[in-house]
């Protein structure tokens, strides 16, 4: 033991060197939190993945929120609000520590996020217990509203509303007779698939589950082909959907392909091949950026140099609601919470009004159907509401 | 000598590897309390014979009995517990353990404490004053800690683990003394000198309290003086009541120490008898010493 | 459980399984070659494969066949595929060689124990896929549909497409080529000699370092070829694509008897097929479970895999 | 390149010598002194959340949460060290045990699990440990007869099977997971603890928003487990493990029931893995299959070896670095793992024995290095 | 001198097995190295062929320092060894094993010639040409090992216990072949525990004891030296 301990000192010396060197680089960043004036220096936080495999969605959201904050700060140069970025990499294990650090900074009044449902389940109770206002622009799992987190709000429809809308689109617009439902066992995918199954009822003839990162769909393709389905609903993400659709079409499958917002990405079309993806229907509870109100689409492009992505507009709206609350002088978490609970107003995506459980008012939920046409995803129409 | 009991019986044992027949119908017995030499040219099958006895290889056919118990098919560690220990021709110590620990592993073969016992140190027994922890710290916290432990042990007794641990250590130290390397007890086995490693292997084997000790070329690489002291050691071991089965090339050593000798060639036994008999056996001279050419 | 489905679609499941298994087998070769000679699990081999999948897309895109491009004529397609196999083979082989030089050779010179090699390999694997992840922004990359599948013939109710035939045949051809190389040529004999007894091989004048480089390059090239077939079949690749394929291929190699070329082939095909049956019977999500359970069962009865271990003993 | 490596290695060696001098001085300190210093160090570890030490604070994440994660990873490493460092068995699917432990507590303790039992935490955890031990035995029984490398792939498969099961089974709620994993106790901080920074009397001890309680619990468990493993290490059991690692055949010939002890190593390693899983997800309060990917499992193995397999303080350091560095250096964000990968290669080349090697390991590697091949 | 060892030490880990060996082998000689098991005979051979790194000292072959040369390059220079325990590649056929011996050579016609020579020397190998090396009997493996070592057309042939595991008749035969090979122009360094045979055939011999050379002389001198007889022939 004694020898080991002395060795420990040696190891620590080496580590210390490393830490020391790197710490110098990060010092100035650490100190910036407390420089702002006390009265106006409120903060809102972004919470979501900026690194890792799901970073793109997180970056879309961060940029939307950032745009809102920047616009606000330009208009209120004397009383700025700071946007704190918490990168969770979409990992629930990292989420709790980040959430705890948010609640410990009393200046942080609200959060735009958490971006994903998994991390929300961990972070929301922590945030909510300390009264931090949560407005998620993207986590669509219905269970989040039922967790009893009183400060939770959702700036868009959940899977329970996307699912039925989507299913109605399949039933009424596409006139589907026999559907095959696939999910990827993820929070999101399974939730959506369950909703679709429920709404479509007997139209769904069979179903299957795929694995995350699966690329080989031999058995599934055989299964769908022998089921005689005329359409496939895919509850999952594009990473699996693209190779599936390619292999399905390669094996001569003709059924129509329908999926939710997890597949709505150009990479899906590229991966499956434009010819294979042609005609696929992708829905999203998100409004097409070009249809978003005001000058949002143009502003976003000007600020980031990119087209607004999925959930950017929702994030912009969520941040704006928080900012309006702060502007109205709600300088504590409790006051801001009361403000958001009672908020009504028009954002770029839709009009906002939150229900008791934090869900957006059903009348404001818009489910949009998109279609793959000529290798591009284009807005098709709003899905029927009932 | 014939009235002694048979300790080990090797009965018509044959072993084949691929196309090579390593042992071919070998039988011999080792009697209680003797030193039996197993000799033969390199590649004659002596080590294979050892491997069969200690369960490292399974005979293709034939039987091996130790104190009347069949060994073929027994698990190796059980064979050790029955009372057969061995050393290896190319030393196989646990190189990253100290000399003392190496011997302790051998001694552990006779102990019972397992995970639960070691973890919770249950099974306490009353002990005598001298078995309690000694107080050697001079002052302060250290002395206090030791006193607390001592009092605890006086009240609650000692666990089987502690007792066995002490027994193992004492036995190990004793055996290291016997083979003459107690001054290297704390060194890792891999940093011991060659001769010390050979001796350590013997000590480790002895720690399992064997009835039969199998030594595979213990004198390989020794100079005459070392061989002489090894000879002494083997005699000493025999005098403690351990039967010895010895593979050795050095004729002087074999002739000097063994009671009887078995000679193997090409996996077959070609002779058996006292050293004097074997030395005179023409088949042995031919096989082991090579066919004298006309020139010689 | 759905055994009826398995019965009804047996042939179809077999063929799709074989197609996937052929890719496993090609990747498994890399594990088996390295293990046969060095007794070491080359954990970074999965990333060697991954590099190949990207190089394929880069080559095609560079020739104007990016995402969405329409395929040229038959000969054009064959030419593109051949070119991709050469390029991906070179890139993967090169990557494997770099991994050998950077992560393994310094350790070999110090005669390090195998656990240390494993850690170095893990490091190389992580570094490679994170590097590619950073370069590609962790976005998947698509590729053109070069081969339009056409049903060539039908056996027992299963449609066999040109794509499936192509993948299985090219994998078999490459395996046969490698088998001949190892068993019939002087260099191949050197590889087997080092695998069976490195010391004696040195006494015969075999340069061990060169043999090791050779097996890394060969394994890498096979993985490169596999990556092209994979790209054609799947149509999408990401930086993290290697991990799962790597584990599967490694499983295949162990299944057949690691260190044994024909074992890799057998293991790969068997794994692909059984996995596919398993997916059919128990559902897609249990596919990996079926694969691993089969591995455990096989190892229980044949502790060194179906065909045994040694690279040298492949023919004995 | 070899020359660069050699010179860097030399520098490292001279540093090690300097430390060795320190080590000797430490060894020569009186017993009482050493006990006191150790005691002070332990106190320091407990006090860490309350000390505002500027350089070591983590920028984005709550520092105490990071400390807690470190403690959990140390626990993982201590268990993995039994399997890899002591018994020499390569287990790449260790995370499977972590998952089994965590899920057992979640399923038995949560009000939201499919099994409506809702045992309190103190009941769940012993059950979880027992269940993981049994799962270790179930995995080990057929596979421990296999040779080293085969064991690696089989354990890898086991880890994956557990994950797939967690993802697709009803009892785990699939990927929706289980919320409301029980916390160790519903108690609140007493008045007399109020002085400690960050603790407010009357607030729950085990709260998601202030994890000091969790950290102290984890730290205590770490110490208990380390002491327990140390007891095993210095007993017949530990000697048997080492002997098996060194030379399995020779060990068996010396009377070591190798299979039994390998199985024990597996079971104990599993139990510790299960305990750490149970602990971590009690703080997390939510569990789903997302946290159990094989990659993490492989990283753990790397951390244990890099820290110094066989030496408890070494593996602890490895685990702490694995948990702490990514949080401390968040500014490298996307390049953290890349740097980690490169660091692994560099480490194996320069310090294959690990940061804090066991004495045994170090000598072995030095000797092996001398045995290298002839020629350049 | 074809081969010259100058004060060579070799260590296994921390244990020194050779404490400074100096010996020479002249062109055209048969030199024997005898000694008890563990005396360091095989270690000396491995040091010469490059399988073990040398600690101190120099090895010169054909005038060049080869102390640090890789083993495979030494084969190219003309050192060939039939290793202890024969070292047959078990998964290769007899013919493949022989061809491995000619690995460093390119000229097919010469190789075929040498194959023929090996089969002439050992007709048994011809009979077993297509059989896997692992299935041969001990004696056949020994023949194969010697035949294979010759396939590289070495200047110096190192034989490590060529008589091990052979029946007396075969031992005679193999030593006859060694002499024949030597007469055809190959220098031979021989390690043997069958001292009688080795000494009677060798031109010169060295006696090794615990890693040191304790005696040297002509074969016949040593054969009649009573001390050698006593210690290494085992006949008191």
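Think of it as A, B, C, D and E in the order they're written, each chain with its own count starting at 1.
Methods note: contacts are C-beta pairs under 8 Å (C-beta built on N, C-alpha and C of every residue); 3 or more make two chains touch, one makes a residue touch a chain.
As the structure is a computational prediction, the values presented were derived from the model and not from experiment.
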Neighbouring chains shared between chain C and chain D, ordered by label: A, E
Other chains in touch with both chain B and chain E: D
Greatest separation from chain C - chain, by CA centre: B
Identity of the most central chain, Cα criterion: D
CA centroid of chain D to CA centroid of chain E, Å: 53
Chain A-chain B separation of Cα centroids, rounded to whole Å: 70
Separation of chain C from chain E, taking each centre as the mean of its C-alpha atoms, in whole Å: 43
Intercentroid distance (Cα basis), chain D paired with chain B, Å: 39
Sequence positions of chain D contacting 2 or more other chains: 34, 164, 167-168, 334, 359, 364, 367, 371-373
Multi-partner residues of chain E (each touching 2 or more other chains): 13-14, 50-51, 70-71, 73, 90, 134
Residues of chain A engaged with two or more neighbouring chains: 55, 185, 209, 211
Pairs of chains satisfying the touch condition: A-C, A-D, B-D, B-E, C-D, C-E, D-E
Touching residues on chain B, where the partner in the complex is chain D: 54-56, 75-77, 80-81, 85-86, 88, 92-97, 101, 104-106, 108-111, 113-115, 118-119, 121, 137-146, 161, 164-165, 168, 188, 190-191, 204-205, 208
Chain D - residues contacting chain E, complex: 367, 370-376
Of chain C, residues touching chain E in the complex: 186, 189-190, 192-193, 196-197, 199-208, 310, 312-316
Complex interface listing, chain D residues touching chain C: 2, 5, 84, 90, 142-143, 145-150, 152-154, 156-158, 160-161, 164-165, 167-168, 294-295, 298-299, 301-302, 305-306, 309, 334-335, 337-338, 340-349, 352, 364-365, 368-369, 371-373
Chain D residues within the chain B interface of the complex: 30-36, 228, 231-232, 235-240, 242-243, 245-247, 249-258, 264, 268, 359-361, 363-364, 367
